[in-house]
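Both of the next two complexes hold chain A, though its partner changes from chain B to chain C.
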Partner chain A sequence: MKYAYYPGCSLEAGSAAYDVSVRAVAKVLGFELEELDDWNCCGATEYFSQDELVATSVIARNLAICRPDQKELIAPCAACFLNLKKTDQLMAEHSEVRSKVNEALAAGGLHYDPGQVRVRHLLDLIYTDIGEAALREKIKQPLTGLRVAPYYGCQVVRPMNGFDNTEYPMKMDELFTWLGAEVVDYPVKAHCCGGHMTQISEGAAYELIRRLLDSAVEHEADLILCMCPMCQLNLDAYQALVSSYFQKNFQMPIIFFTQLLGVALGLDFETVKIGKEIVSAGPVIKAKLGAAPSQTGA
Partner chain B sequence: MAERVGVYVCHCGSNIAGKVDVADVAKFASEHIKDVVVARDYKFMCSDLGQKMVEEDIKKEGLTRVVVAACSPHLHEKTFRRACSNGGLNPYLLDMTNIREHCSWVHKDPVAATEKAKSLVSASAERVKFQQPLEPMYVDVNPTTLVVGGGIAGLQATLELADAGHKVVLVERLPSIGGHMAQFDKTFPTLDCSACILTPKMSEVGQHENVRLLTYAELEEVTGSVGNFHVKIRQKARKVDFDLCTGCGICVEKCPRKVVDTEFEAGMGMRKAIYMPFPQAVPRVPVLDTESCIWFERQRCQTCEKLCPTKAIRFDQEDEIIEVDVGNIIIATGWKPFDCTKIPQYGYGRLPNVYTGMEFERLCNAAGPTSGKIVLRDGKTVPKSVAIIHCVGSRDLNHNPYCSGICCMAALKFAHLLIEKTGAQVYSFYIDIRTNQKDYEEFYQRLLQEGVHFVRGKVSEVTDATRRPDETGKTIVQCEDTLTGRQERYPVDMVILMGALEPQFDARELGLKCGISCSMAGFYTERHPKLDPVATMTDGIFIAGVCQGPKDIPASVVQGAAAAARVAGMITKGKVMIEPIVASIREEDCSGCRICNNMCPYNAIEFDETRAVSRVITALCKGCGTCVSACPAGVIEGAHFNNSQIFAEIEGALWDAVPPAGVPGESESAGVSAS
Partner chain C sequence: MVTDTHQDHRSDFFQEVVSDTPGGEQLAHCLQCGSCGGSCPNGSDMQYTPRTIFAMINAGRREEVLAANTMWYCVSCYFCTTRCPQQIPITDLMYALKRLAIAEGKAKDTDAPALARTFTGFVENFGRSFEFGLASRYYLLNKPLSMFKLVPMGMGLFTRGRLHLLPNRIRQMDQLRAIIKKAREIGGAS
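This part shows the complex of A and B:
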């Protein structure tokens, strides 16, 4: 299985742990991620609200540079995924957008016909293409005893992109149930983390983050699993600030789902970059899963 | 001899004339179509005067063929056939062409619409010349009726017919008749006890000399046609001898295996492996559920068999196919509740204090698992605050776009019962309150007086994620109150979801068996939404109750009675006309390949073994044409739809097609593409 891979800017910097763990997990699960040659930024959440046509064109460039044999494009970042998917949909549904964007692309000698590339989120790939049976076979370190709160965030399931229930997604819940973890029924799993609201209105942002952390604590989760760099950053990096803002003492580790998946597949902490996060996840994983996982730990 | 064709173009008020230049169409017909001797346009062809016009022209002008360009033949073909008959012309020498639904209603440009109307009229006039006089047949109507479904609609239909002296076979899938109404506590808006008004009807049906009641049975196959249906019914094995059982109930009492009753008790109560769904069940003969019975699990127990005083237990009983002949069929198969887990953000199935409407019905039913005490799932806590959410799966583009009609009233009923029994604070979350039947609005006013908090808004989520201290231990309903424009959180003890009424899970399958169609949503399609709501496009098959669309008890009863009246009319008449539009096989040219035999959807083709040819049973043939097109030798002809008629129609439609220049003698299809 070979896919085109669009890591996105975050995965090159602050969320390098996500990128490293994705590639490590891919190796174990036997699918190949071929990084798109010369990809550009997806514009995150900002560009769309500034100028829709320019935003769409910038994103469409990434779809247009896919080679004819690169039919499926995998994005691990929720924002990248949403933007790429949305662009494909916009171009399919609106002929005006399609022709204007292609006019812009033509300046660079490019062209894109909607539907040419299927944009997919990494979780969809692992859940659907690898599937339960193959995953169960590859488990080296069952996650028995570890209570995880699966946090999807608001972008990956919206708007109606068909890969999971929009209001109450379940794919990550199921995935970690297969891996043996105790998945808590995390009621705020698709609520917003505040995004860049931390820069504009810290009170509002901290309240959103607090709700996510509080709910995980209430449900006695050992850690929160993310699938979006923005969510991970907000919950992890702002945790101390949120704690002092509300006079609380949060100690909730926040990692990417691929990192814990890697542990279940027998990869050691260093390989999946557990330890890069601010609130350390290592101790609780070690405590719950017994000895420090290693290549031999099964 | 040339035919003498009369063409009549209807204005249909402004329905047709508002778009199509009807006078121009009539002028075109008289000037350009060969053999047209009269062409007229008229305000309403279907009026008495319009019909008279046709009759007079047949007599005076010696018309031998008639074309009416008007609405759909579904509406008025009968009218104009009768007019032809009255004028002394065989009614099958008429052709109706639809220039309303197929033309004026669907086109914007009047010029193009007029041109299209001309083509349609031309096609019809060319075709009608090749039509042949046909004679309808009449068959006797079997006076026995099959009613499918023993809910309130089916019971009403059954009693109306049986009381009038007609035999009825009533088939019910579940072990007892009664339907959903038997599960309810009270009925709105009168608040009378549902069981008290239903059970007399049930026992009357159970004991009626004219009713053959088959419960725990399903419709397997329907063949034949109006007047003479042949029906196969699967009697599922009860594992109890129906004739020996006295209904004493010892087997049920002593059965050691208890399981959750997901059917009658909606999962709120238990039943035994051998059970009667409720005390007033009709018939009083239990059913043994082999999936939970200990004997079927590990060949042990046999308690029921040992204790039965009449030795009625039959572990080896098998399903049985019962065959009956009936003249008409009434389908009253009801509905199924929406699966509330499909809206996961409302928490059903995850949060313990979220209930479906059906669960709540059982919870507050005096005969239910808590004897009518409204308590939470712990069995003791009385809720102090309750949220009722309307439109769960209804009026929701993600699930069912339609309004389920009854949930607003049911929600008001629940609110009343809650206040009466628990004194709880009740919050009712609605999009619009719809109380548009007799005495319904008054009931709503009463509930406003009783102090229900009505919140107008669509609930975004039901959650246990708390934000404020007063939310601890509560189930929180998050909703924008659209009258104040504020997002609000309502911490409550109990949440009731008013799920949509959905078509039965096998509605489409049953529809196929009976040859009737479903709407997009899956409810059966009536012959006419306003004027013929209980008949279907298949003669002899009627529909009643929620299987036709969501409705309340009074409306279901009305439809049950209406369907029965239609059937009674057929029985009284005694004979039914069979359209002579049927297929026939030229037996001298039939090779006996039998390809047509299995293709016929009505089993109307038999094979004559001695002469090795296939033959159409005219009384069963519906004239669908499947065999005509399937016959490799081309020896089957569909009356009223033969090749000469169809080719003439095509040529007529292409009256203005220009053959491609310079290719004389090129095939006709080239002419088609050039048009």
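This part shows the complex of A and C:
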């Protein structure tokens, strides 16, 4: 199985652990991710608040530069996934958007027909295309005893993911149940992490982060699993600031779901970059799973 | 889609807001049920919830709407959009209000436009965004005093190799710039 891969800007630096672990997991599970050549930033939410046509045209360049044989484009980041999928859909449903975006693309010698590329999130690929039987077969280190809180955030599940419930998604829950983990059923798993509000209105953002951390603590999670770089950054890097803001003492490790999936597949911590998070996840994983020989250092 | 039987009575401002959003004309069918405000994680920080803003748009209260903080507290979580019983693209309408407020200099008491400009400035120079450059430039220019309390976090990220000091640049910058320039010339959403 071969897919075009759109890593997105965050996966080049701050969330390299996501990128590295995705690629490592792909090798074990036997699918190939071919990075889209010369992709550009999707603009996150920031172009949409300035100019809608610039926003969609910047995103559409990435769809237009896919080769004819690159029919499925995999995005691990929530904002990238939504932007790519939304632009394809807007172009499909609104002829005026389609013609205007193509007029802009033509200035760069490009053209895109909606539907040409199917945009999918990485979780969908692993859940649907790899699936339960193949995953169970590859387990080297069952996650038995580890209490994980799958955190979906917003933009993969809403408004249009097409593969999971928009209110109460379950696909990551199921995935980690297959891997032997105790999946924590907590009510805020698809609520907002605050997004860019950590930089604009910190009080508002910190309150949203607090709700997530409090709920995970209340439900006795050992760690939270993310599938978006912004969510991981807000919950992990801002955790100490949120703690001091609310006079709490959060010590909740936040990692990407692909990192723990890698551990279950027998990859060591270094290979899946456990240790890049600010609140260390290594100790609790080791403590709960025992000293498995494949796990060397955190 | 239901026909808008009251089209003749809609305010000019209503037309202005919905015309800049694909599918925005659904706003004509707002029931004022309040599912949007009730679903909003930041509703309590908003001067007017989305439901109230929609009533104000309908009433043509342009100045008050564009000066409101409502859209600046929208975090694009899309709960309102997926829950709206009338399929109104509420999050997208919030973006439309942001664009109008920025264009008219009405965005007050928010650093969101500055963050947006800094972010897209990097995209237009490099084709990629760049977390370290974005954060340092944005804070230096907009809230230098807030930088101090972020230093420990920045160091934590830096020591783990999570802050890159230089951005990546795409090869076809000229192509991307030509597309952006053309899109700006054409303008509008639909």
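We take it that the second predicted complex is superposed on the first by the 292 of 298 C-alpha atoms of A that agree within 3 Å, B and C clash if a C-alpha of one lies under 4 Å from a C-alpha of the other, contacts with A are read in each partner's own complex, and residues count from 1 in each chain.
Here is the rule we use: a residue touches a chain if its C-beta (ideal position, glycine included) is under 8 Å from a C-beta of that chain, and two chains touch if they have at least 3 such contacts.
None of the values given here were measured: they were computed from a predicted structure.
On the A-aligned overlay, A:A13 touches which partner chain: chain B = first, chain C = second, or both, or neither?
In the superposed model, A:A13 contacts chain C only, not chain B.
State whether chain B or chain C is in contact with more residues of chain A in the superposed arrangement.
Of chain B and chain C, the partner in contact with more residues of chain A is C.
Looking at the overlay, does A:E218 come into contact with chain B only (first), chain C only (second), both, or neither?
Only chain B; A:E218 stays clear of chain C.
With both complexes superposed on chain A, which partner does A:P187 reach: first (chain B), second (chain C), both or neither?
In the superposition, A:P187 contacts chain B only.
In the overlay, answer first, second, both or neither for which of chain B and chain C A:N165 touches.
Touch status of A:N165: first partner only.
Can you pull the chain A residues that chain B and chain C both touch?
On chain A, the residues that contact chain B in one structure and chain C in the other are 167.
For chain B, which residues are in contact with chain A within the complex?
Those residues of chain B that touch chain A are 343-345, 347, 350, 461, 463-467.
So in the complex, which bits of chain A are touching chain B?
165, 167-168, 170, 185, 187-188, 211, 214-215, 218
In the complex formed with chain A, which residues of chain C make contact?
Per the stated touch rule, the residues are 20-23, 41-42, 45, 72-73, 75-79, 81-82, 91-92, 95-96, 98-99, 102, 110-113, 115-117, 119-120, 122-123, 127-132, 135, 138, 146, 149-150, 152-153, 156-157, 160-164, 168, 170-172, 175-176, 178-184, 186-190.
Considering only the defined contacts, which chain A positions touch chain C in the complex?
Going by the criterion above, the answer is residues 9-10, 12-16, 38-41, 43-54, 56-58, 61, 90, 93-94, 96-97, 100-101, 103-110, 154-155, 158-159, 166-167, 191-192, 194-197, 199-202, 204, 208, 237-238, 240-241, 275-278.
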